[in-house]
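Below: a set of structures, written as structure tokens.
Each of the next two complexes has subunit A plus one other chain: subunit B in the first, subunit C in the second.
For the complex of A and B:
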């Protein structure tokens, strides 16, 4: 039995913009309602996903901000925050809330451009451990670099494997009009020229800083063919400090979230046709594939080399361009993944439409595996 | 039918402390689990309520921080933020999540002491409107001063009425060992000597800045006499800017949340024996009583003058000392209100135990009425 149905989806372009946070949220909400054929009057509750509204620009209490975009409704509404997994967690929470509310709007939104670099690095670092890691220089690129180094040690993963992830996702983003790097061609020469960020991660191993918003309307009841069933929703957490973990080549929270989503959906990893995963760094896409059980530990790089995860491969990964090239508007990212999967499942993905899209999966991570939300959408029949 | 049962409650003292945010959360969690006779292994999911962890001390992604306090559990967990209503909203969300999770832990936590005054004023102001109000000087004391002035104009409310609220709540806090101002005697002379903060609100019309945490364990099933039924839970929102409202002597979100909670609980305002309301400023307690339908608009001050809302009156309000004297550890406040009502309903409130405590209500507000969560607890029989 589906946990709920996505009735409508909307998304702004991810990337730098002068639009305000409320304006971005409004644009995505209007698009999602329009896509669903609904109006604000059809909504029973709403959830806002956002990560850095407070530290970046002094905006908290965003449920009240969004309430002001829907004058006179006075709906139940709240904000969910779980670092970069805020969006996926909000979708999970929306499904839980269908116990009381018939139709729930989820809007994820983030503004990051215009914040000075050092301040933004500090703010993004709030998703990591304050007491042990951040003070030791383990900011996010450094943390994922550590994961990459461990993965290389354990499985022989190479920088070339990571480059292939970057090239693939940039190639995909060229077909996605809402991607941060839409129409930007990235070549091997560009990658070679990229500065070292945190060894072995270079510039093109890292996702950009994006503004943007995405919204989905979720209901307990389908409204016809364009409604997409959410078959399974899994959520799990882990301790925030890497020093509290025993494994650094895999995220237990992701493995748990996937297992929970598969069980609820009554599907296995082999039933999944395509996935949108949280590639904040190229190594994260490699780890995601293994955590989701799409292959055995250490096997993801072979699939990447063989083109299996390309748009025309047997298991396309991040056909949207992913976070790497599609952009990472933090609070919006997990909601944007659901947008993408719904578009593919409906056959509405335009130039990037996949040939086989019956069951799709989203994988949204907060911090360095501190939170993971996984959703399985589509039709199991 | 109850929406859920509170199996256990725990709370730290509210007030300045050198304890860290995770340490405060842990103290409340251990107390709540102990009170419920449960261990971490009995919990299926958790929600963290917090407002200023990011701006105050660079801590976001608090669900992962709390996950680290429960090693190896990898539970589903997330953070809810709705300004000063974060705690009440988290309780509402926990009830929704019982659709999937059997037993849910809610922990509200906040650290505010040690933040320089101007910075703290700015951070607290993030719950208000960034675009219109804050830039015009409408910080929180000013906003509630405006509400007070309008209430005085409309209903003849006096500064003496507000002083009576302050004296009552300070008198109550003297009997509450976990109150910010436990054992502090406040006299009329103290009130008279208080500086003007924002006319007509003086120092003793304003709640203090508190650190603290509170936790509750909520389940779909009772575990016996000490389990307290949550009969109704209501949540509503309003636009964030006062310029977007037509009424300033009442909060529509509070009226809606109360109506929703009463309807779900199948009780009316006259069935309620005692209440814990969001008296961030003394005028807020006056408005709360009217919004909750405990009296007609403009009638609250008469009840206050007649002693009806005193500890030995017919309708005790804020027997804990409220936010005013019990303290306001923002993210913990709404959870702490549930703690207090449960203690009273069980007859475990010690020196401050009320004579008649069968049905109690909590009222938790975010911003200047931008969010309100209301809960009705007890036994309707």
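For the complex of A and C:
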């Protein structure tokens, strides 16, 4: 039995914009309600996913900000923060809340533009432990750089493998009008010219920081053949710092979340047709595929080299462009992944529509594997 | 670098906790001061708090399988054994501070906050008592009574130089005048152990002349901290030609161990920061004299127009106008260039005893809270 149904989805373009955080959230909410054929009056509760409103803009108490976008409703509403997994955790939370509320709106929103780079790097780094990571200068790219180094040591993964992930996702984003890099063709020459960020990760191994919002309307009951069932929802956590773990080539939280979601959905990894994974860095896509059980540890690179994860491959990964090229509007990202999978499962993904899309999966990670939310979605019956 | 381990269930914690969440028994602290590099990245992007990119972050594994992440200024390779954090020797390092002025107090606060044993020497009992009282007030804002008591056990504040014998490093931070500094440095050196290092916190007096009064100039250099010492990241590290390479390295390492970013500068009048700052302050005073704008307006214009966090006049008040005048006079003397001469208004204020924040009045009235 499905955990709930996605009645409607909406998403802004991910990328730099002058639009304010409330304006972005509203744009996604209106789109999702319109897509569901509902109005604000049909909503029983709402959840806001956001990560850096406080540090970046001095904006907190965002559930109340969003309440101001639905004047006069006085709905129960709350905010979820789990770093880059805020959106995925909010969707998980929405499913749990269906025991009390009939129809729940989830909106993820983030504004990153206009914050000086050094400050933004520090703020994003707050997803790492204050003392164990931040104090040691381990910013976000550096965390994943260590994972990449460990993965290279353990499995012979190469920087070329990482480049292939980047090229594929940039290629996919060219078919996604809401992607951060929809308008930008990225070639091998661009990748070669990319500066080193944290070795071995270079500029094009890193996702951009994006503004944006995404919203989904979730209900315990289907409203017809455009309602997409969420078959499984898994959430798991781990200690925040790599220094608190013994495994550095895999995220146990992601493995656990996947296992939990598969079990709930009564499917296995081999049943999944396509996935949207949390590729905040190219290495993260490699690790994600292995953590989701789509291949054995160390095998992801072979699938990438063989084109299996391309749009026309047997297991398309990040057909939207992923975070890498689709953009990473942090609090909105996990919600945006659900948007994308719903679009594919409905056959509404336009130019990037996949041939086979009956079971799709989202994989949303906070920090360097400290939180992971996995959702398995199926086709409307 | 430590882990806290539960001997009952084996759980490991990365935080200084007292009890195990599972078993509610006391945890044991396991210190790891070294480990083998299992991954390393060169971080090329700076961030707030880590402006010193490029630097290296290494993931280490110690003998009992615990991981730790360390920041390094030099490259290392996987498999290399690395000793981390404040070295053992430096961990129990005792630091002497001479002087009870703004920088003396700031340095003692910084050192005590960083867990060092401190020997603090003032010129008179009343001055050291007053400074100690102020220090307690400041530390009391960030520590509870127990913690404060523990730290105070590690502070020896007085007027005798004898205690400097315990010190591995002594920082002189007395009045910014050549002769008194020479005298204090000379006397301090007599009280210190042979292998200890002596540093001056001068903001740019000639280091050669200071070194000349010492028996062991090879163990003497300059650590120029900025006010407030607890918050400002920069340390200008300078040394006369007589300083040994080992002393230079130890001075830089000490600055880093305090979480500061050392920038090595040659011994030129006022080094770099003050050399650039003093003309800025002087021109701001000139603008005030010419009634171009009020002090508030001048500061606001510089804050917004040059993106400085503070305007030059409020900064001068913070530094102390007497110190500003001393530095400027010294610059004139040493460069022979009258362009550095303090503006008349600066001299007038100093003559009237209006030295800035410390006397509650300078370019601004600091006696009442500002809007």
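We adopt the following convention: the second predicted complex is superposed on the first by the 378 of 381 C-alpha atoms of A that agree within 3 Å, B and C clash if a C-alpha of one lies under 4 Å from a C-alpha of the other, contacts with A are read in each partner's own complex, and residues count from 1 in each chain.
The rule is short, and it goes like this: contacts are C-beta pairs under 8 Å (C-beta built on N, C-alpha and C of every residue); 3 or more make two chains touch, one makes a residue touch a chain.
These numbers were taken from a predicted model, which means no experiment stands behind them.
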Problem set entry | Which superposed partner A:4 touches (first subunit B, second subunit C, both, neither) | neither
Problem set entry | Partner chain in contact with A:83 - subunit B first, subunit C second, else both or neither | first
Exercise. Counting only touches as set out at the top, which of subunit B and subunit C does A:371 meet: first, second, both, neither?
Worked result: first
Seminar exercise, completed: In this superposition, the partner of subunit A with more touched residues, subunit B or subunit C, is B
For this session: Have a look at where A:118 lands relative to subunit B and subunit C in the superposition and call it first, second, both or neither.
Result: second
Exercise. Where does A:149 make contact in the superposed view: on subunit B (first), on subunit C (second), on both, or on neither?
Worked result: second
Exercise. Where does A:54 make contact in the superposed view: on subunit B (first), on subunit C (second), on both, or on neither?
Worked result: first
Exercise. First (subunit B), second (subunit C), both or neither: which does A:241 touch?
Worked result: both
Exercise. Should A:331 be classified as contacting the first partner (subunit B), the second (subunit C), both, or neither?
Worked result: neither
For this session: Would you please give the residues of subunit A that touch subunit B in one complex and also touch subunit C in the other complex?
Result: 122, 125, 129, 131, 134, 239, 241, 244
For this session: Sort out for me which residues of subunit C touch subunit A in the complex.
Result: 12, 14-15, 38-51, 55, 57, 59, 65-71, 78
For this session: Give every residue of subunit A touching subunit C within the complex, in rising order.
Result: 117-119, 121-122, 125, 129, 131-134, 136-139, 141-142, 145-147, 149-150, 153, 195-201, 239, 241-246, 248
Problem set entry | Contacting residues of subunit B [partner subunit A, same complex] | 20, 22, 45, 51-52, 54-55, 57-65, 67-68, 71, 74-83, 89, 92-93, 96-101, 122-123, 125-131, 134, 235-241, 244, 252-253, 256, 260, 366-367, 370-371
